[in-house]
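Both complexes shown next keep chain A, but they swap its partner, so chain B is in the first and chain C is in the second.
So, the complex of A and B:
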């Protein structure tokens, strides 16, 4: 592991321990009271859910253009993080929606496109697992389409009539609400980087092990 | 001697597209295999939905648009799988890829062939849905044609790419819908909403135009992305 990994992991752990305290101290929202506070975890995980397919798509484009294995490994790791942060987003969202909107789910553009993005992440992983030889390039093709969906998810709330809060909410937040939010965003971003690093290292070790087995057979 | 200098000159793009398309259509005209199986399958889907959903001669509101596009999606998957299975069995896809022609032209030729097949299926499916669900689909024929063609191109653009990519993959029959459906869901939603807007008693052209423009946007994005990906993925 790189030298910075352990301190960063400790920092990330501390941030996740402190974050509930900051969230508890944040003021209640006028209309929803304290129910809105799930937003402090929902939105950062949703941002990572948008970041992961972009990393996956860009890495896949590089892999298709240059054919380097490390681009492919990064894309694979990012696809797994898409599914992980997608699951967090799609669990925390309905928990909030049940109290705020009175329903677990609505088929509006934001929720539907998010679900589609999550399913594309699953499709990528299923292809990698069951596609057999050559599935790396095939999966890279899927990842490009997954990345194209990201801007659509982001802008969907601004163009379609929906009850999901628009993208303009965050810049308008009061300081005592904004500080815990940005704290959580950095905690999730750090978690994203740490998981990505761990996953890349695991895949790198696996590749080396495979090379050793091949060398042993020869 | 190898190298670009020794290769024969590449055939022009449009000519290659036409040759691939003509080859696919000729094979299909002679055998009729994909057209007939796809058509019977799509009609069976619609009939099952009609048996399940039509009560006392009345279909559920907005059901016709959804059923039409579900049947088209399922039938297209069948057609895509078979179109490339044929190329795999005869090793003709490899021959096509080895030919000194631009790769994107092969993709466009295959895409047009699939679109032609699916549109032919739709030509039978649309009157069938219109009849079974008393849907008045043909009240605005030009808008309907626009929605149907753009939605089919969006569906086929991704489908052709993935079906071609999966030719060499294990369990390709299972993987095609798993990869295709999540990506084309937005196209199908736009197609269903556009068609549903056509069926409204109070026709609103602005709503239909919005869905049509969205479909055109999807088509442009998907075709451009597929052209680039096809070149890169099929390079081995």
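So, the complex of A and C:
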């Protein structure tokens, strides 16, 4: 692992220990009460869920253009994080919605496009796992669709009729609500970088292992 | 026009009629649906009076945090295990290759 990994992992762990304290100190929201505090983990998860398919899509585009294995490895690592953060977002969202909207799920543009984005992440991983030879390029094509879906997910709350809060909520947050949120966002971003590093290391080790098996067979 | 063509045209006309009827019926049905509540465009801190609680919030809030922290913990655990297993294989094969006099 790189030298910065261990200090960054310790810092990330500390941030996740401190974050519940900051969240507990934040005031309740007038209309939703304390259940809105799910937001402090839901939104950073959702942002990582948007970042991961972007990394996956851009890396896949580079892989299709240049054919470098490093780009492919990065795309694969990011696809796994798409599924992870997508699952966290799609589980915490309905838990919040049950209390705030009175329903677990609505088929509006934001929720539906998020579900589609999550399924594209799964499609990428299933293709890589069971697709056989050539699945790397097929999966890269799928990843491009996943990346194109990201801006649609982001703007969907501003352009289509929905009960999901729009993107304007974040800049309007008062300091005692905003500081814990940005603290959590940085904690999740640091975690994302650490997980990407670990996952990429796994891919490098697998590549090395494959090369060694080939050398043993010769 | 042959009898079979007449039958075909009749089927097409009936299908078009059914589609038109469905379209005409769909309008009022869709219009009759309940309008969803308006989205919040701002989060306001609660004042002195607490918000009314119909559905208990605490289990949902705690559940959400358990899902996130638990999910992240199990993913890190799975990643560490996979990484450990592959690195163990790499070390084993390195030894094997050295034994055979290759690098």
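Convention: the second predicted complex is superposed on the first by the 218 of 218 C-alpha atoms of A that agree within 3 Å, B and C clash if a C-alpha of one lies under 4 Å from a C-alpha of the other, contacts with A are read in each partner's own complex, and residues count from 1 in each chain.
Basically, a residue touches a chain if its C-beta (ideal position, glycine included) is under 8 Å from a C-beta of that chain, and two chains touch if they have at least 3 such contacts.
The structure displayed is predicted, hence computed values, not measured ones.
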Answer with first, second, both or neither: which of chain B and chain C does A:168 touch in the superposed model?
-> second
Once the shared chain is lined up, is A:193 touching chain B (first), chain C (second), both, or neither of them?
-> neither
Check the residue A:113 against both partner chains and state whether it touches chain B (first), chain C (second), both, or neither.
-> first
For A:152, is the partner it touches chain B (first), chain C (second), both, or none of the two (neither)?
-> first
Chain touching more of chain A, residue-wise (chain B, chain C) = C
Partner chain(s) touched by A:28 [first = chain B, second = chain C, both, neither] = second
Could you look at A:131 and tell me whether it touches chain B, chain C, both or neither (first, second, both, neither)?
-> first
When the two structures are overlaid on chain A, which partner does A:141 contact: first (chain B), second (chain C), both, or neither?
-> first
Intersection of chain A residues contacting chain B with those contacting chain C?
-> none
Flag every residue of chain A that touches chain C in the complex, lowest number first.
-> 16, 20, 27-39, 41-42, 45, 84, 87-88, 91-92, 95-96, 98-99, 101-102, 106, 108, 157, 161-166, 168-169, 172-174, 176-177, 191, 195, 198-199, 201-202, 205-206, 208-209, 212-213, 215-216
For chain B, which residues are in contact with chain A within the complex?
-> 158, 161-162, 165-166, 168-171, 174-175, 178-179, 181-183, 185-186, 189, 221-222, 225, 229, 232-233, 236
Could you pull out which chain A residues touch chain B in their complex?
-> 64-65, 112-113, 116, 119-120, 122-123, 126-127, 130-135, 137-138, 140-142, 144-146, 148-149, 152
What part of chain C is in contact with chain A in the complex they form?
-> 36-47, 50-53, 55, 57-58, 60-61, 63-65, 67-69, 71-72, 75-76, 79-80, 82-83, 86-87, 89-90, 93-94, 96-97, 100, 102
